[in-house]
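Listed below are the structures to be examined.
Both complexes shown next keep chain A, but they swap its partner, so chain B is in the first and chain C is in the second.
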Partner chain A sequence: MSTKRRRIWRNDLVALAFLLPFTVLYVVFTIYPVGQGIYMSLFRWGLMGKQGYIGADNYARFLGDRFFWGALWNTTKFVLYSTPTIILLSLGLALLANRRSPLKRLYRAAYFTPNLLSVSVISFLTIYMLQPYGMGFISNLMKTLGMREDVFFLRDPQLVWVSIVGATAWWTCGYNMMLYISALQDIPDQLYEAAAIDGASPSRQLWSITLPLLKPTTLLILLLQLIASFKVFAQIRLITNGGPGNATRPLIQYIYESAFDKNRLGYAAAMSYALFLILVVLALIQLWMTRETER
Partner chain B sequence: MTNKKTSLGGILLEALAVLCMVLILIPVVWMVSMSLKTEGQQITNTWQYFTPPYTLQNYSTIFQTSKVLIWMWNSLFVALVVTGLVIVISTMAAFALAKIPFRFSKFMYFFFLMGLMVPTEATIVPLFVTANRLGLIDTYQGLILPALAGSMNIVIMRSFFRGIPNDLIESATIDGANEMYIFLHIILPLGRTVIVTIAIFTFIGNWNSYLWPYLAAMSEDLFTLPLGIPTFIGQYTQDKVLPMTINTIASVPIIIFFIVFEKQIVKGITLSGIKG
Partner chain C sequence: MKHPIFKKLMGLLLALALLATGLAALAEEVIISESGVVENPEAIVAGENELIFWSLFSGGEGNYMEGLVEQYNATNPKMTVRNVKLNWGEYYTKLITAVSVGKGPDIGISHIAKLPELHDQGVVLPMDEYANAMSFDWSQVNQNTLEAATIDGQVYAVPLDTHPEVFFYNKTILREAGLLNEQDELDLPQDADAFYQFMLDMKAKLPEDIYPLALSSAGDDPWRLVWAMYYQMDGAPVITSDLEIKLEKDKFVAVLDYFKQFYDNGIIPINLEDFYSYFMNLRGAATFITGVWATSSLENIEGLEFGVQSFPVLFGKNAQWGDSHTFILPVTPQKDAERMTEAMKFFDFVSKNSIVWASAGHVVANVNVLASEEFAALPYRSDYADVANHVVFFEPNPYSYPIRAAMIQQIDAFLAGNQTAEETYDNIVLEIEEITF
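On to the complex of A and B.
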């Protein structure tokens, strides 16, 4: 009895020792800020600290703030434009790079390369590619091909989204392509062989075998993509800084500006919980989905 | 089944694959070739972007006039230290959760699962206030410590470690081995694959990380490459050759890293995809 109890206590202590270093950091930098943020959101709060309790005012105020809704709408637009673009392009690249071909490995590596570049690098590359007046690559190519017109990719409120989404797709498709490729490799060859014997053409095989079997992967990529896109900040901040006007300013940038440019940290903390809510819902769906697939 | 007929469709697809490769790589090739150009050279047609004359002048200018070496060192230092520490503390915690039968095991696991739902992006403001109170803003510790606090790695490692057979551990225990011995001599060697994968991803992620360093690093001497590049490029409005040179300098190390670890990176993406 007492040896057994001692054993239990000993295990508790040993486990605690192994868990301690991570748990301390996790509590301080992941869990505590969530509570701290709720607390801050109830105050007028500047960079120097607390300025006065105002209850739910911050929440009421951002719900009536058209810049908040504008920024949330911009983030949503980015999600709506980028998600299908990225999924379709990643799937296409995966199908291209998974074919029997002597250049297979090269394709994969090449399609994946932009994913390695830092966000600052891809942002400035985008800016320089799109400069007007024959200075940027695209504009120069258009001039070389004899087109006269100048296109202002980053000043036109529609084209600016094309540019941002295009740059993001170029940057991130390689990663999702790899997910698709590994799913493609899990499809047994016999399925295709049997279909070929039955006389199914390659395109028929694509529609009836490949695409249906890729559905779980597509769902996974869809969720990963939704989560990542709601967090969009860095490339927009660097490519357009939210412009022209506020046409592309995403929610995180507005939160950032409210906190550190306008010195309203309580207000920014309150707004963060709108984003938090969206992301928690998506994370829960994802957790539930991985549970389902693991079964 | 041999693919005897090189059909027209097959040739078209091959051509499409090559075309995609060219389109995807053009910006990267353009970046590198611009870094070899002389400042102020007139470009009349697009082909001239890629043709000689080349010069390495820009590289020596950048190394002499910018802090790029400091920023590169900071990126490397922060990414390496974060990776090393993540591996140490996460393997320890995941081992305890997976293989030590203690009373709060379930509770702790769910406590860590909760963290998967906390997006750093939505807690930057309170995180900044917390870090500021601890005196971490504008220090290396401030860049490093919050990057260690994500629970994703633990969840992945725990499920991997659970797959390690208990027989091995039991027979070692009978031979008188304690938990530290089991951790170092059974778990770590057998968990190699997942540990290497997580190490690679932690390294790449932190080498490229932007949002938190953007908040936590104030002085230029503490900047990492993703912060330093915009600062440097901000001084150049007209010419592109120096900005492109610094972009190239920032990209080369990570591309070499990819070439070296290609296999593990590809494997790792699948792993992270499954576990999300």
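On to the complex of A and C.
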């Protein structure tokens, strides 16, 4: 009895020792800052430190700040444009890369490679490609094809979104494609064989077998993508810096500008919790959906 | 009896702890990047007879400043100056955060427009006391800039220079087009309509592949010209020191609409990303407007024959955009009067010897240097030295930088054709209200 208890105790200690490094880091770098952020959001707070308690003023303030809503709307726009684009593109690429072909490996590697690049690299590639006046690749190509008009991708309120979403899709599709490929490989071959024997055409097979069986993966990608897209910042900051005007400024950039350009760290902290709330809701939905599909 | 896994675990934890202390020790080592920029300036500790100077100058400017510091140290001062170059983009954030934890330098640099913000945050010290201790002669610096460095009757900065926006032109191209006068110079009409006509006429006379005027349609430069033209119309301050928005709608809208014609009618090609390169590649653009810091780069371009003059007075009153580099005394925990006084001696030395600084293209703030024969002998600089007296600064207020950023964004959207001049004005006012709440 007592040896058994001692063993259990020892096991617990060992487990604790293993958990400790993570727990300490998690508390110090995640839990504590979250708490500190809430504290900060109740103050006027500059880079030099606390300036005075103002209660919930920061929260009331951003609810009436049209630039906050504008930035949140831009983020939402990005989510609405990029999510379906990325899902459809990843699915298409996965279907292509999963076909029996001697070049299968090459396809996968080629589609996945952009994912390895850092955000600054893809952003500057985008900027250079879209330079007007025959300087950038696209403009040069258009000139070669005989088009005389210059197109200003980063200055037009619609085209600028095409550019940003295009760059993001090119950058991130490879990862989602991999998720789709692994799901595709889990679909048993017999299903297709049986369907083929029953005379189902390849497109019938796609609609009735492949797509339904990919549904859980699609849901997973959808939610991961939603969460990632709501956090969009770096590529927009680098490609357009939120421009033209404020047309593409996402919420995180507005938070960043409020904190470091306008010296309002408390206000920025308050707005961060609005974004935090959105992300928590999405995470909860994801949790719930995973449970549903697992059931 | 101890379990072997226990030992291993303890060993691992110990190793982690050692690693952590090792990392902490590493962080104190000074990290200098390839370009000579110090990544962790707070790790540099001053020697007993040494003043730490955080500078934001890099490239050519950085070398001239380095030269001035070396020159000063060669005079055997009581305290030598150690020049620490910081990354310009991070400069103010580093300065403010370092000062807030008592690790700031003895000497700093501030743009004049940023100074009130630093003052508001409690980052800078008034210098009158230390200036008096070594009898600093305030009359040697440009009074227009000195006034902008004075907050609530106390001086917070020693002006080093003014760097206004000026008008460059390619003599070769304009001579071919027959647009230079007998002195081989460009006569710019000093009137809005005449200037616009003149540029249209220039466009007609130039070969098709040369742009009349190279300028960006986003970022700082268009804003600087709008600023200058608005004040040339005798506009009221964008915002006063009491945070009252006085930006006048009719004048501002008129300036925006006037300015946009230059883009709409092909005088300035819209959306030039890297507009410097068009002027610098000899046959890209006939004229070019930017800050005086471009002068020293242009001088070094082989085969480029250029002239420079102040941006024309288009709306009656001579007003120009410019900013100014100044020396500041950041707040330190000790507030050591002796160190501060020694720092003032360094400022005095640099000011008196700023002929070196003029080589970087700046209009130096020291009036004696400006009046010297040496300065007059410098090519180009004397052509725009007078601009410094007509520069309009922000009225001192802690929000100049974010207000500038907001104005730039809005003018950017206007020039991209996404909003009217009226909407641009309205948005700017809304933004300023949001910034100054």
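Everything below uses one rule, namely that the second predicted complex is superposed on the first by the 276 of 295 C-alpha atoms of A that agree within 3 Å, B and C clash if a C-alpha of one lies under 4 Å from a C-alpha of the other, contacts with A are read in each partner's own complex, and residues count from 1 in each chain.
Rule of thumb we're sticking to: contacts are C-beta pairs under 8 Å (C-beta built on N, C-alpha and C of every residue); 3 or more make two chains touch, one makes a residue touch a chain.
Keep in mind the model is a prediction, meaning the values are calculated, not measured.
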Practice prompt. Figure out whether A:244 sits in contact with chain B (first) or chain C (second), or with both, or with neither.
Written response: second
Practice prompt. Determine, under the contact definition given at the top, whether A:170 touches first (chain B), second (chain C), both, or neither.
Written response: first
Item to complete: For A:261, decide between first (touching chain B), second (touching chain C), both and neither.
Response: second
Item to complete: Would you check which partner chain A:12 touches, where first means chain B only, second means chain C only, and both and neither mean what they say?
Response: first
Worksheet item: Looking at the overlay, does A:152 come into contact with chain B only (first), chain C only (second), both, or neither?
Response: second
Worksheet entry | chain A residues touched - chain C or chain B, whichever exceeds | B
Worksheet item: Can A:133 be said to touch chain B (first), chain C (second), both, or neither?
Response: second
Worksheet item: For A:61, is the partner it touches chain B (first), chain C (second), both, or none of the two (neither)?
Response: second
Item to complete: Would you sort A:21 into first (chain B), second (chain C), both or neither based on which partner it touches?
Response: both
Practice prompt. Identify the partner contact of A:290: answer first if only chain B is touched, second if only chain C is, both if each is, neither if none is.
Written response: first
Item to complete: Enumerate the residues of chain A that count as touching chain B in its complex and touching chain C in the other.
Response: 14, 18, 21, 135, 260
Discussion item. Could you list, by residue number, the parts of chain A that touch chain C in their complex?
Written reply: 10, 14, 17-18, 20-21, 46-49, 61, 65-67, 127, 131-133, 135, 150, 152, 154-157, 242-247, 257, 260-263
Worksheet entry | Parts of chain B lying in touch with chain A, wherever the complex brings them together | 1, 3, 9, 13-14, 16-18, 20-21, 24-28, 30-31, 43, 45-47, 49, 88-90, 92-93, 95-97, 100-105, 108, 112-131, 134, 145-146, 148-151, 154, 179, 183, 204, 207-208, 210-211, 214-215, 225-227, 229-230, 233, 240, 243-244, 247, 250-251, 254-255, 257-258, 262, 266, 269-270, 273-276
Worksheet entry | Residue numbers on chain C that touch chain A, as the complex places them | 3, 5-6, 9, 13, 16, 93, 96-97, 99-100, 117, 121-123, 217-218, 269-273, 398-399, 401-402, 405, 409-410, 412-414, 416-419, 427, 430-431, 434-435, 437
Worksheet item: Touching chain B in the complex: which residues of chain A?
Response: 8, 11-12, 14-16, 18-19, 21-23, 25-26, 28-34, 36-37, 40, 93, 96-97, 99-101, 103, 106-114, 116-121, 123-125, 128-129, 134-135, 137, 140-141, 143-144, 170, 175, 178-179, 182, 189, 193, 196, 202, 217, 220-221, 223-224, 227, 231, 233-234, 238, 252, 255-256, 259-260, 265, 268-269, 272-273, 275-276, 279-280, 283-284, 286-287, 290, 293
